[in-house]
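Letters A, B, C and D name the chains as they come in the text, with residue numbers starting at 1 for each one.
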Amino acid sequence: MRDHSVRNPASRSFFDVIHQVRAEVTAGEVADYIPELGKANPDRFGIAATSVTGRSYAAGDSADRFTMQSISKAFVYALALGERGVDEVLDHVGVEPSGETFNAISFDELGRPDNPMVNAGALVTTSLIRASSAEERFEKIRQGLSAFAGRELEPDDSVYESESEHGDRNRALASLAKSTGKLGSSVDEAAEPYFRQCALLVDSTDLSIMAATLANDGVNPVTSQVVVSEDITRYTLSLMASCGMYDRSGQWLFEVGMPAKSGVGGGIVAVAPGEFGIGVFSPPLDEAGNSTRGVAALRVLSEEHGLHLFRHLDRPVSPVTRIQMDPRSRTVRVVLRGVIDFVAGEMLLHETLKIAGTEEAEESGTIIFDLEAVTSVAEVATTLIRDLDIEVRRNGWTIEVYDPSGVLEA
Amino acid sequence: MRDHSVRNPASRSFFDVIHQVRAEVTAGEVADYIPELGKANPDRFGIAATSVTGRSYAAGDSADRFTMQSISKAFVYALALGERGVDEVLDHVGVEPSGETFNAISFDELGRPDNPMVNAGALVTTSLIRASSAEERFEKIRQGLSAFAGRELEPDDSVYESESEHGDRNRALASLAKSTGKLGSSVDEAAEPYFRQCALLVDSTDLSIMAATLANDGVNPVTSQVVVSEDITRYTLSLMASCGMYDRSGQWLFEVGMPAKSGVGGGIVAVAPGEFGIGVFSPPLDEAGNSTRGVAALRVLSEEHGLHLFRHLDRPVSPVTRIQMDPRSRTVRVVLRGVIDFVAGEMLLHETLKIAGTEEAEESGTIIFDLEAVTSVAEVATTLIRDLDIEVRRNGWTIEVYDPSGVLEA
Amino acid sequence: MRDHSVRNPASRSFFDVIHQVRAEVTAGEVADYIPELGKANPDRFGIAATSVTGRSYAAGDSADRFTMQSISKAFVYALALGERGVDEVLDHVGVEPSGETFNAISFDELGRPDNPMVNAGALVTTSLIRASSAEERFEKIRQGLSAFAGRELEPDDSVYESESEHGDRNRALASLAKSTGKLGSSVDEAAEPYFRQCALLVDSTDLSIMAATLANDGVNPVTSQVVVSEDITRYTLSLMASCGMYDRSGQWLFEVGMPAKSGVGGGIVAVAPGEFGIGVFSPPLDEAGNSTRGVAALRVLSEEHGLHLFRHLDRPVSPVTRIQMDPRSRTVRVVLRGVIDFVAGEMLLHETLKIAGTEEAEESGTIIFDLEAVTSVAEVATTLIRDLDIEVRRNGWTIEVYDPSGVLEA
Amino acid sequence: MRDHSVRNPASRSFFDVIHQVRAEVTAGEVADYIPELGKANPDRFGIAATSVTGRSYAAGDSADRFTMQSISKAFVYALALGERGVDEVLDHVGVEPSGETFNAISFDELGRPDNPMVNAGALVTTSLIRASSAEERFEKIRQGLSAFAGRELEPDDSVYESESEHGDRNRALASLAKSTGKLGSSVDEAAEPYFRQCALLVDSTDLSIMAATLANDGVNPVTSQVVVSEDITRYTLSLMASCGMYDRSGQWLFEVGMPAKSGVGGGIVAVAPGEFGIGVFSPPLDEAGNSTRGVAALRVLSEEHGLHLFRHLDRPVSPVTRIQMDPRSRTVRVVLRGVIDFVAGEMLLHETLKIAGTEEAEESGTIIFDLEAVTSVAEVATTLIRDLDIEVRRNGWTIEVYDPSGVLEA
């Protein structure tokens, strides 16, 4: 597979990034707070990306498996939103960055953990998955995360046991959540599934598909399975944007600008919404617990490929390719192109009102919006067109739409 | 102007929002920490939006003037980035949400205020504007913010004096920043210009134009003045996304999903990047210091118009309208449309490689990418096409581009 | 018993205090964080004092029984010091006031709870009592506290069960201590005995005897049982002085100046070292969790009876009653009285050196210290006298001691 | 002077302590937060003690001069109490240990600095000294502290200037106190006198006399000047006991058990109430800012001389030397001795009631309390005797007192 990938220009940039980052970034320490994690090989480094069309590109040690650790928090949060609904989940865990480290004791004035990306909040999130036992809870989580990845994930039992053995602080956090009424289960029935979800094994390509599912509005682009709803996807991405990179989340949004989540196993997932998901793996961590090479690689990719949330595309040229008037049939054909968003819709509005919107317009006729070269129409633009229709009818004009590709129905 | 606006469908939605929110939202208290602010009329409520094309829409008390207060922080941060560069600014003030209230004493382990949206950080930001006196510093800030707004802004002197009189806590924050070596001036030469920038008077339309300047990559869409660079715009929006709404910033990103900044004068600015800026004004505040009606109005607008950062447009239809083969001239015309982003580029890649990318391709020829109906081409897609060109040349094929609108040069 | 007490002048002052405080202090709320405590009658109010001679005085509802709650912390700390020694206990729990509320999550940089008077520290203290089960641990604690009280104490099982049922926060604190390696047992084997020790029933007289045991260097003055050593008593009193009254401990030391410990059951113990112990009971609590009437009563007693630690007795008159010289036998009889502390010893030193300490003293002889009217001799004074002996011997003088009461051997 | 001292047994123990501690304690770093302090010679080490009789004992480099630094806080607090009264001072600064470092930003819910021993509180304390200028304020402080020391103290101007130059954090703390309404002057009129009071030069003997003034109820035992009242002395000692040794205050009370205050200049004052004051000087500091050798020396002295607050003297023998009955004159002479405190008073009460307190007592007479060998009578005992008098009169008995030394009038 690697040979083939090299030939693909989309993969090549990842190879370049790995080459560059491996040379430049040597800092970081492999996590050792539990002995099993300390065994990771610090030299391994892999990247994979999967687009919303379902194609994956990979480079480096992208087939190496490692445990998800905190990366699981983002996806289990999505599952909990699916099970309980956003209001009930918000009753139990907040959405504010805590400004503190991941294992901080950080509860808000309502007794909620600050957010689901700190351990206290993740334990609550896990406890919200409805189940009658710890085993059932974990099995539901395993299946849900497998749906994100598009294959059956399995835990590394020795890592799980190590986490459980050294898990008193997490049990304490769960007890605190229990004492404020926010834990949805007993302490052990939250903590044990949580330790096991953290121990689920993935490779970089798995992570990229999980991320691509979020990039693709909750639909796994490889299996086409609807894993979560579009709303849940949006909420999950919002939290990854504000809280995903521990207490470096602000800096991450500032510099890299992609919703992301890291784990102390060395993995990071990052999402380019509507485009693709990325999975990176390299065990050495910075002080905040983020993979040093992973952070560097994503910074380079964001910079080179313009992936920052606020590095939007250059302003498009006018959505109106041309306006064809036919005096005989009293029709005006407005040929449109590309994405009709608010700005395009507003331009269209002004053009149309120039033709038909003023009361001085003595004569009436038909305006045809030709959408053949249009790729999508935003909700706000649809509203503008609908209101525009009402407006021009007062002056005796009619709006018709030519939509051979069916973009309005999408 | 208002009569005219009612007829405009783009304005009408704002009237509807004002009507709905005024009926539903009655909570909140007018700020009274300084006496002058307490005089505001709690019933006033205005909204304005300005698109990146420079057109403004307004509703309600959109011509009421009020003081910017903390809204100024975001724009002065942009000015400071312009003066000092991002590295020097980052040396002095961080970019992490603090999880605390706006006037918290919140410094990181490097002695930096946590971010420029808390008072401590804003005072540092102001101090970084190079000037030889408090007056000169304020004058530079006033001119910079006026450039964002597209008109000469002036302070309310009585509010300024009231702020200064009750400003000991802010002076303390400036002294702390001074003691950690992060203040770029004396305490008073930071505090006094800061108090005055907070007292600058704006109306909702001013705010919408300031926001639209950020939506438009730093170019004021009304005056066409380049106020700040695209990079600075991106950084500023990032901070508004992570820290703009005090200690409700996480919830804001979760629910509303627009970079924004509020002030205790009752104003809020919000940005739909690439599309438009919004200014809202209503004096009653919630506990976090955000205008209750302003928050509600922006929540409704975000929901109705799909403005959430992660509510991206539905996946576009294929960027390839049709492929025309001409066996005689051995040309293949690939007619494209809309935005060519990573995903579109990737689709294109695969289509092209089907034609010319395999080594089994016995014959060679020319592939013409017809960009007439294309509105923009992302950087990442340009890279893909460039790499694709290298790849197909190995098999004797050539790629040509037909770009009558010049979208590749944009 | 009450009638009899009224006749005793020592009791009468307690009646007066109850009368005065009941009239003046009506604030406070009965603890209701567990339902069982909420059932307490807010009108009940009792005081008892027991002197180091073993006599008790009581007034008001001094026979009402209530649960010890946090008062147990001080005495179990004393027991833990006895079992483990001060160094081992200090390895597990600190001795610094936390400046926070009693159930705060307050650990120092060594992972120790800040002190044994906050819940986290008390749980650690309990865990340090060596036992092979929760039951055995509680039984040892029960016996130890019974030794302090001089009678068999028994828990209120319904309060215990209520505490255990609402005990998740305390279990969380124990888990945190476990995670930092400071808990001496499993979480449950610390928490359950802790809940039960808090539920031990006492009346005000019991508390006064427990306090009197601390006042009497660890010897129960009623039963004469040696409960803890003098060193342990000193350590325990030190902690009660610095941390005994929750986050009002500083104010308490400032105003009342007695080592004390309060419990949310409404009880307070206070110690006048070397003199007597006081127990007070009245259920309504202030915001810090201290009995409002209890605090007021002890403030009045401290003020009226001069019990503040730093309101020492007026400087005694000279310890030297008279000096009798007998030229014939070349003896000097120095008749002393009262307490011979450092200052008295120093006065004695100077008097003696005037007689025998200078090299010019031509003749030698014997100095007799007559201790018949002396009540005690401090260690430092003994040292001074010993050194003085060495000094005067150089000049040929001898020191003899007449000590009919044996105060030097005490 | 040193030679002479060696001969004095009271001094000799200090020499021994210096010798022992110098050999054992080598840790610590000279303060360098301002350059001037960094010049101190780390080898210097002096101790002095002054008893309430006014005699001083000194050893080592006890004549070396150094700046008081934070030691001044305790004495200026006493002066402020004298100027403003305890209630007004308590309105401005609290009395709770903060659990934080000396320069922490530590204000309570009333806006008061936590206590006068942290910098924020000390600045408030200084600001409460009434004056119309910074100079006048400092001059009053200088005179007050000179009265404690018994000689004219003068500041080290170069240290003062260095403190002022690096004083932004302290100015910030003063501004915060100003913003909460707790500063009694402008920021500079508090900060500058504070910097100067910290720069006052003292030697170990000066400190011992200042401490002895507190040991002696506010009366300088050398000059006999009444510097502050007994009440103020008590309050000041209370704060030194709870907050005097920075964030090691709890440990200090636990181990050493003397009210004390340290300064980063290397000095420590400690008080044995009613007995003597100690001054120690050695520049190297531990992490909390306390002189390492100073702490060690006071720990040794406390241990060897039994100076811990709760290491009270052994329980005195009975205060009743003998009871002489004279049937003819119907008088009972009760010969007392030593200190008549509560316990002695209570013993007396019981003896007396055995004679005259029961209603069955058929005959009446006179009880004479012979106080010739009594050195002091506590307030509480006086009350008991007064009440006893009322009680026995009911049975026809009279109490008379023989008090040749006038201890009852003291």
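Throughout what follows, a residue touches a chain if its C-beta (ideal position, glycine included) is under 8 Å from a C-beta of that chain, and two chains touch if they have at least 3 such contacts.
Bear in mind the structure is a predicted one, so any value in this text is a computation, not a measurement.
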| item | value |
| --- | --- |
| Touching subunit A and also subunit C, the following chains | none |
| If a chain touches subunit A and subunit B alike, it appears here | none |
| Gap in Å, rounded to a whole number, between the CA centres of subunit C and subunit B | 64 |
| Whole-Å gap separating subunit B and subunit D, where each centre is the average of the chain's CA atoms | 61 |
| Mean-CA-position distance for subunit D and subunit C (Å) | 21 |
| Contacts with 2+ other chains: residues of subunit A | none |
| Every chain pair in contact, whichever chains are involved | A-B, A-C, B-D, C-D |
| Contact footprint of subunit C on subunit D as seen in their complex | 7, 9-10, 12-13, 51-53, 55, 94-100, 106, 114-115, 216-217, 230, 233-235, 237-239, 241-243, 247-251, 253-254, 257, 259, 272-276, 304-317, 319, 321, 337-339, 341-343, 346-347, 349-350, 372-376, 378-380, 383-384, 387-388, 390-391, 405-407, 410 |
| Complex contacts: residues of subunit B adjacent to subunit D | 105, 166, 168-169, 171-176, 178-179, 187 |
